[in-house]
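Chain lettering (A, B, C and D) follows the sequence in which the chains are written, and residue indices restart at 1 in each chain.
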Amino acid sequence: MERFEEKVRASFARQKFMSMLRAEMVSVTPGTVEIRLPYSAEIGQQNGFAHAGAITSILDSACGYAALSVARAEAEVLSVEFKVNLLAPAVGDFFIARASVKRSGKTLCVCTADAIAFSNGEEKVIATMLATMIYMPNEHA
Amino acid sequence: MERFEEKVRASFARQKFMSMLRAEMVSVTPGTVEIRLPYSAEIGQQNGFAHAGAITSILDSACGYAALSVARAEAEVLSVEFKVNLLAPAVGDFFIARASVKRSGKTLCVCTADAIAFSNGEEKVIATMLATMIYMPNEHA
Amino acid sequence: MERFEEKVRASFARQKFMSMLRAEMVSVTPGTVEIRLPYSAEIGQQNGFAHAGAITSILDSACGYAALSVARAEAEVLSVEFKVNLLAPAVGDFFIARASVKRSGKTLCVCTADAIAFSNGEEKVIATMLATMIYMPNEHA
Amino acid sequence: MERFEEKVRASFARQKFMSMLRAEMVSVTPGTVEIRLPYSAEIGQQNGFAHAGAITSILDSACGYAALSVARAEAEVLSVEFKVNLLAPAVGDFFIARASVKRSGKTLCVCTADAIAFSNGEEKVIATMLATMIYMPNEHA
């Protein structure tokens, strides 16, 4: 495993919230990350769909780790801000957040990510994120 | 308890994800909602701070229920989109999301919310949301 | 010229602000629109770069018309909200906003757009938008 | 006039795009700025309302100068990103963008702003912005 992937996977393993959600890191390349979230009733909102907050959680982690995958060796990443559009009800057997780096600067990194629902082998984009990450040490916003 | 509050609390009680996070509804008035999230290591990100996704989850629910508190009796509410700025590390004993309606139209409702961290009796705003909700039946986006 | 293109171009021609900016509609297909903005000192910010507001103006119009290009014949489109990330200084001979529909629902339409700067034949993405549009009659938010 | 106000007004005077829009700086305090935009048919969209891009332009400048008003003496400010919600049609004799600093950090500054339409002495909030600014020298995102 290459250095950037080790670093990303080690940091992801420390995110207890990802374990609570039973989310897993699927893939890491320089500039892209995929995270998988299984559906369960526990993450539901009032209609039983996955809560927008659960979907946002994997989108945010995926964007952060996409940024980290291209960061300098010693740098860390924190979320500055993000916007999420919910495109369809979050119904499915599981969800994948697919993030990629749009532009990486000296201090900031802009990422985009889609959340895709998988049901009986069919895919549907259910949400999309546009996010700004900051490389640390630098301070948090 | 008035009709709007009953409706909001009943819907909140159906959000299993809020139970998973041990989040509680603190208060409901026409146009405002407060939700409380206790800190625990389980909701942490890589540094042990509360994950931005957990904070976003209570901000989103608070905005949605602020919208529902002023909706017509038969209407439901879904999230169209939101933006969150993370203002400081999410460190604290617990967090409160305070949402209020900025403008309620026929179809859409725009809400704002702050997330406040409480540590040893001190308060600090750690995140802020600007969100668009849609009144249903109408379709989801 | 097909019906959707006529409708889009006729509406664009009524946007006096686009004339003030000397912006032109470059292309229209079902679900995509390109608008061109020439650089001039008049649209500058304090450093002489094109003002983020000028770039946002063509991104917003491009997203609105991408939505209109797929709308029902009698529908109009208004902007609900948008987010813009500025990725690099807006330096160039001219700029193109390239918008496309991400998801079109019954009431709302989510669009994305990039702004590209052209300098001496070189292209650079300088900004990106994620926007929500509403089909009217329906009310404005 | 105090130093911070001089610096803000001098930078605003260099924004040619504000002159093109005939926008004026109304007031500057440490952490708040107001900019006034007169309505004219020239800044209209297809229905004659002020274009969202024109409104966004004064919101963005107001947020940037609110950040600059609290920046270190030698620092400049650039926009990282912003989100705008359009709350009502931009109809009025003139518009005021009222910005204030929500949180100022070492590198980034988060601001909020409302755009208010004035018609025959009546006020109406027509748009709201949540924005991230960066203090320079530091690089632009």
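Everything below uses one rule, namely that contacts are C-beta pairs under 8 Å (C-beta built on N, C-alpha and C of every residue); 3 or more make two chains touch, one makes a residue touch a chain.
Since we're looking at a predicted model, the values are computed, not measured.
Colleague: Using the contact definition given at the top, which chains are in touch with both chain B and chain C?
Modeller: A, D
Colleague: What is the chain whose Cα centroid lies farthest from the Cα centroid of chain B?
Modeller: C
Colleague: Copies chain C, chain D: same or different interface, half of numbers shared as the threshold?
Modeller: same
Colleague: Just the number, please: Cα centre separation of chain A and chain D in whole Å.
Modeller: Those two chain centres are 32 Å apart.
Colleague: Using mean CA coordinates as chain centres, what's the chain A-chain B distance in Å?
Modeller: 21
Colleague: Taking the mean of the CA coordinates per chain, how far is chain A from chain C in Å?
Modeller: Averaging C-alpha atoms per chain gives centres 28 Å apart.
Colleague: Among all residues of chain D, which ones touch two or more of the remaining chains?
Modeller: Each of 80-81, 83, 85, 87-88, 103, 110, 132, 140-141 in chain D touches at least two other chains.
Colleague: Note which residues of chain C are touching chain A in the complex, please.
Modeller: 83, 85, 87-88, 102-103, 110, 112, 125, 128, 130, 132
Colleague: Quick check: in the complex, which residue numbers of chain B touch chain C?
Modeller: The contact residues of chain B facing chain C are 80-81, 83, 103, 105-108, 110, 132, 134, 138-141.
Colleague: Can you list the residues on chain A that touch chain B in the complex?
Modeller: The contact residues of chain A facing chain B are 11-12, 14-20, 41-47, 50-54, 56-58, 60-61, 76, 78-89, 140-141.
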